[in-house]
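Note sheet for the following structure.
For reference, chains read A, B, C and D in written order, and residue numbers begin at 1 within each chain.
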Amino acid sequence: MSILLPILLALACAPLAYVAGRWRTGAAAWVGASGALAALGVLAHGWTQGPARVVLPWAPTWGLSLEFTRDGLSGLYAAMALGVGALVVVYSRAYLPHHLAEEGRSPREEVRFHELLLAFMAAMVLLVTVDDLLLLFVALDLTTIVSYLLIGFDREDPESRAAALLSLVLTGATSVVFFAGAMTLGLQYGTFSLPLVIERAASNPASTGALVCLAVGALGKSAQVPFHFWLPRAMAAPTPVSSYLHSAAMVAAGVFLLQRLYPLFAPATEVRDGLLAIGFLSMGLGSLMALVADPFKRVLAYSTIAQYGYALVLVALGSEGAPLYVAIHAPCKAALFLTAGAVTQVTGKKKLSEVGGLRHSLPVLAGASAVAAAGLSALPLTAGFFKDEVFFHALAKEGPVVMAAGLVGAGLTLAYTLRLWWGLFGGPRRDVPAAPRLLVAPVVVLAGLILLGGLLPGLLVAPARAAAETMRGEPSTLELAYHLDARAENLLAVGAWVLGAALFATRRAWTPGLSRVLRRTALLGAERGYRLLLHLLDRLSTWLHEKEVRDLRDRVASVLVPTGLLGIAVLGVTPLRARFMVGTVGWADVTLVMALAFASAAALATLRAKGHLMLVLLISCVGFSLAMVFAFAAAPDVALTSVLVETTFTLLFAGLLALLPEARLRRAQKESQKPRGRDRLAAGVAGASAFLLSWSALSHLQAERVGQRTVELAEAAHSPNVVAAVLTDFRGLDTVGEMSVVVAALLGVTSLLGLKKGRR
Amino acid sequence: MILIASLVVGLLFACGVRMVLERELVRVACGTVLITNSSVLLILAGSFPVRGEALSVQKGWPVTDPVLQSLALTAIVIGFAVSALLLTLVHRTQRAHGSLRTDRLVEAELKRVHAVEKEEGH
Amino acid sequence: MPLWGPLLLPWVLGAVLAFLDGRRAWVAWLAILGLAGTLVCTAWLLPQAWGAQAPQFVTGDWPVGVGIRLRADQLSIVFALVSTAVLLGTLVYEHVAGGITSRSFPALVVFLGAGLTGVFFTSDAFNFYVFFELAMTAAFALASYGEKPRNLRAAFTFVVVNLMGSTLFLTAVVMLYLTTGTLDMLSIIAWGQAGEPFALVVPGTLLLCAFGVKLGFFPFHFWAPAVYRDAGPTVAALLAGALANIGSYGLLRFGVDVMPQVLAQARPLLEILGAASILYGSVLALSRRDTREVLAYASITQAGLIIAALSLDGREGLCAAVALALAGSVDKTALFLAQDRGGERARRAYSVAAFSTAGVPPTAGFWSKAWLLRAALEQGHTALAGLVVLASALSLLALFRAYQRERWLKEGAALHRGTGAVVYALSLALIAVGLWPEPLLRAGRDAIQGLGTLP
Amino acid sequence: MRSFVPPLSRLLLWPSLMIALALWLKGGASVGGGFPAGALAGLAVLLQYVVAGRDQARRYVAVRYAAPLAGVGLLLVVGTAFLPVLGGYTPMSLFPRPDQPEVGVGGLHLHTALVFEGGLMLIVFGLVVTVIDRFALRTGTEEESGP
């Protein structure tokens, strides 16, 4: 039960914040944050008791149950989500009122923001604690939904709406692919429960297709190439959203999934090689873009792409440092985002070229963010050092090419981090008003944590090992310590610092060229491909819509012609066609045939009828001839009814004609005598099909029909007229229904032609 | 007899379809009447091979299938009710659009669609 | 609760309401109460339908075939429940949204309900036709509700096209009788098992086309966008949410239950039609600017999914078809009602239903799509699985493009307490089923349990 | 100049209604039944409309209340069909039941089918007359055209 408690607490945060917000707007954030912290506390307490699982019944029809786990991985990620979440909520308490005032919106909307943020946190906690493939997907999509709402929080802003839609479609579509993969696995192993799946996968490896599907979902979520381009766009969101979703939470979800499912990927080396390549690609692309981007949130966004590229590389290599990497990256990146938000709020600027020299006015922020930046670029004495250490450690086993790539990547990281920090705080002095304390405090707390991790690395070892054990399913020997010797990791790190410093120092020389090159390559990039695809789809859609039938005639023909063709085709392919019967015509049938001929003649004549009255008369002629047919076919009830109906009908038609304006009738008459060829064709197809189908049906008459039974039973029904017996007694329910049809039609008529005038 | 009956059914149906595909409301309504007629004929055509005297309940005397007759009756009545509704609809529609032609309806429809699209714009 | 209960109640009520002026509040409430009563009566039948023997009777206690057999198995009950609930919601919405403007609206909705219940409960092919016509005629009369020129235009198109569908259906039923000599569905099943497998192909084809018109899948759908766009929002909700159920139910009942051998032969055809509808609907929805038109095309996609589910071999596909039809019915109603209004609340309700339509959890629509995906993958039908994924992505795009239009924020009356209650109830139902899918999954699984075999 | 048609049509009304009544009552035994009876009665009224005009025709109570009459008819039909369930019979049980003896007055057999057919007659009559009435009601004003 103690497994569920933190989850339930996390789930309760958003409703609690809502209730508190009803009472007082400002209270929502505090209530929410304390909820998150309480959940964190319970989680930490539970974690000391070791791993556990809980299984609750859910949907037995599909053999599903709600399965939650408490293990290293879930503990690490949940702590990250809750901790950063609490800080970000507190931060947004200070950030949001200003932001809303700028947007000209009601301050009450702050509550909604906190709710969404907390809901996101809950979704994230769910995602990391569930232990079932299907539930993983459900939680994954929950994060997608909430992130859509959060990114589009500024809904008056078209850019932010577009960004929200882009992220929704991209992460939504990739997560459906993930689901397809999960479904394949579920079917392959006969269960969705992760421990069982993993257990069975040991003897029966998962299919490559399913793994690729899973990987696509994870890549989309983690903003890796080629799905990376939604992340920079998503920076249109309010900064707290970026700092939470796009550093610690949602983007981490993708890599988390890969770590959670690592045992499935372990045997599939080719899939892992692909992931490795994508990881390096994202790393390179993200870092380069971060080097030239001007809006500082974008720099951070590209940096996130690059950093999750690192994490992806680690997962692909099966390194036990993968969870630790993500966990250390999160506070660094979140702190930098929060810094960026604070700077924007104080200066009103969003681009590096527009700010600078803020270290004097914002000393605390500058110091705290310097620690975060150092952590991000893996300088010693910060926890960040160890994230690169595990990275280099993993690379060192893979040979020089990979090592070189890693070195360049790490160097670029230092370069763009320096550029970012220097761009914000360095340079000639600029004075701005002091930032509110609440905006700075979360950054300071995060920086403190980063320093603490760097000074006492022993604290990190236990959670990192536990997570690594969960991920790889084997005991971990991860060690974190400073070593002052010439091992490969240290050499690589030093090389990266040198490279980074050199790049930063010479930045003016290469920045313009690089940005030009990048702009050119963007033409071939994934984003362009996506836009092109959408554009083509839109064009196709519009074109189809232009072609689509609009005319009533075509709408009718589109029903009858396919039916006709289908009918003919069906007769063609079934062996029924051999048994069409011509039937016999005896003397008794002569009258019948004559009446039928008369009906046909009248029907044909209707096509030629010019005047409306003539038309109506001919139609009734058809009806009367048919009544004659019925009479000769010994169906006097039908004949009588049909005569009466025809009479009434003719009169009604005549009445309608009398109602219609003369001129309009004449005009319509003149204009409508131009039949189109395809109408004739449609009528021909429909008629031919009707003929063939009825011929086939009439050739296969069942000799013994229920009709005979009714004749025998008519006496029991006290009704000498069998037809009346059938109508009122045996099939009386039909008649009741039929009469209801009449009344419904009557209601329709009365409402269409109301007595009271002027009522519409 | 089978062939003749099905030929007539097909013919009535074809004429009905041809009328429904006209560009004018009254003719469309007429077409639906013809189509209904053709299906009623099909119903009773099932009894053409074995038919008798409907009113006889004497044993052994052939009787036109009473179930088919009652199906035909029900179909006639339903057809009648729906056609009456259709006629009033024709009346209202032409009054609302000031024309009996179906292409006017389409024009009005398109005009609205374009108005919406213009308003949305880019 | 005897079987005739849910049948009798709307019928009598409809007859009574026909006298009354539906614009009065109490009349509307009477109709609402009646439909709610029908819903309760239907729900009452649940345990019986799930019992060993489905409740049934033959009218007038005549021998089977001579009298009309009514029978409520699981499939009937779940469809009746969902359709009645949708009707109820729509009627309440129309009443609280600003009052009913037509005298006969409540009576017609109740008649529609009677027709639908009858269609679902009857076990006689021709009786099916009669109830079908009752529902259709009520819908014909309702289609012009509002009586603006565009409403009338929609009604005219709707009536003419659907008259063709009805004629096809009537013809098919008559051919069934001529070929098998009986109208009772169970007797037809017995005949089909004993008789010649090809004899039922011709009526089967016609039935497919007739239900295709009702359900609106490619290429029988061309009426749907125009009608859904130009009819009033409530009417569109009724047509798309409740009436289209006849199509899916009919395909299940006649295809799976009465003529399984024909369905087996029609699978390749259904596959093609399903794929075409899915693609056509998803692509066309993309560029449409009128929200209702987007929804209309989305419903074509939905119909395509149902057809595709039917085309799959094995039981899972059929279960998926049931789940898709049920979830889709509530989705469509919620969407059509929510898009009628502006403001934040309406948007929220819309987004829930849109997520459900696109198959995003935790909504009912997710489970139905998941089922289809599962069935497709189980059969090794990866192409269809790919289509489902594609359709999900595209409908997400189309539906949320519509959601983001500027008009939404500014135009239209906001949802107030009453209308909000209806729309929220529908959305909450979708979420509730999404969170606890067991009822939907059970309904899907059990509904097709006894089909195609004689009890 | 006075035509002989209007008085003749008024004269014809009652015989037509009598025939309709006969069709109804004899329905169980021979050709006829509720539907033709209703249609015939409707036609008779239609004749009044054609000859005498709407205002004259609406002098008859049955014409003015044709639509409610249809509602009554539906209630009769549904009632006949479903009231037996109160006695424990299945719906659509008509009386006398097959095992019960017939109750007859002369040539006329009393049977609940008669009530049923009577309902039918009223409904059909209601439909025909209402449609005619609404068509005869000329609404002069054109609705505005356009969408």
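Some observations on this one:
Please note the rule applied: contacts are C-beta pairs under 8 Å (C-beta built on N, C-alpha and C of every residue); 3 or more make two chains touch, one makes a residue touch a chain.
All of these numbers come straight from a predicted model, not from anything done at the bench.
The greatest centre-to-centre gap from subunit C, using C-alpha centroids, is found for D. Distance from per-chain Cα centroids to the pooled protein Cα centroid is smallest for C. When the C-beta contacts at A-B and at B-C are tallied, the pair with the greater total is A-B. Subunit A and subunit B have Cα centroids lying 45 Å from one another.
Distance between chain centres (mean CA atoms), subunit B to subunit D: 24 Å. For subunit A, the set of residues touching two or more other chains reads 550, 552, 556, 560, 636-637, 641, 645, 648, 652, 656, 659, 690, 694, 697-698, 701, 705-706, 710, 713, 720-721, 725, 727, 729, 731-736, 738, 740-746, 748-750, 752-753.
For subunit B, residues touching at least two other chains, in rising order: 20, 25, 28, 42, 46, 54-55, 67-68, 73-74, 77-78, 81-82, 84-85, 87-92, 96-99, 105, 108-109, 112.
Multi-chain contact residues of subunit C, defined as those touching 2 or more other chains: 11, 14-15, 18, 59-60, 67-68, 126, 130, 133, 137, 140-141, 144, 147-150, 156-157, 160, 164, 171, 174, 177-178, 183, 226. If you sketch which chains touch which, every chain touches every other chain without exception. For subunit D in complex with subunit A, the residues that touch the partner chain are 27-33, 35-36, 39-40, 42-43, 46, 50, 67, 70-71, 73-74, 77-78, 81, 91-92, 94, 96, 98, 102, 109, 111, 113, 116-117, 119-120, 123-124, 126-128, 130-132, 134-139, 141.
By the touch criterion given at the top, residues 126, 130, 133, 137, 140-141, 144, 147-150, 152-153, 155-157, 159-160, 163-164, 166-167, 170-171, 174, 177-178, 183, 226, 229-230, 289-290, 405, 407 of subunit C touch subunit B in their complex.
Chain contact summary for the complex, subunit C toward subunit D: residues 2, 4, 7-8, 11-12, 14-16, 18-19, 57-61, 67-68, 149-150.
Contact residues on subunit D toward subunit B in their complex (touch as defined above): 30-31, 35, 124, 127, 131, 134-135, 139, 142-143, 145-147. Put simply, subunit B touches subunit C in their complex at residues 20, 25, 28, 32, 35-36, 39, 42-43, 46, 67-68, 71, 74-75, 78, 81-82, 85-86, 89-90, 92-93, 96-97, 105, 108-109, 112-113, 116-117, 119-120.
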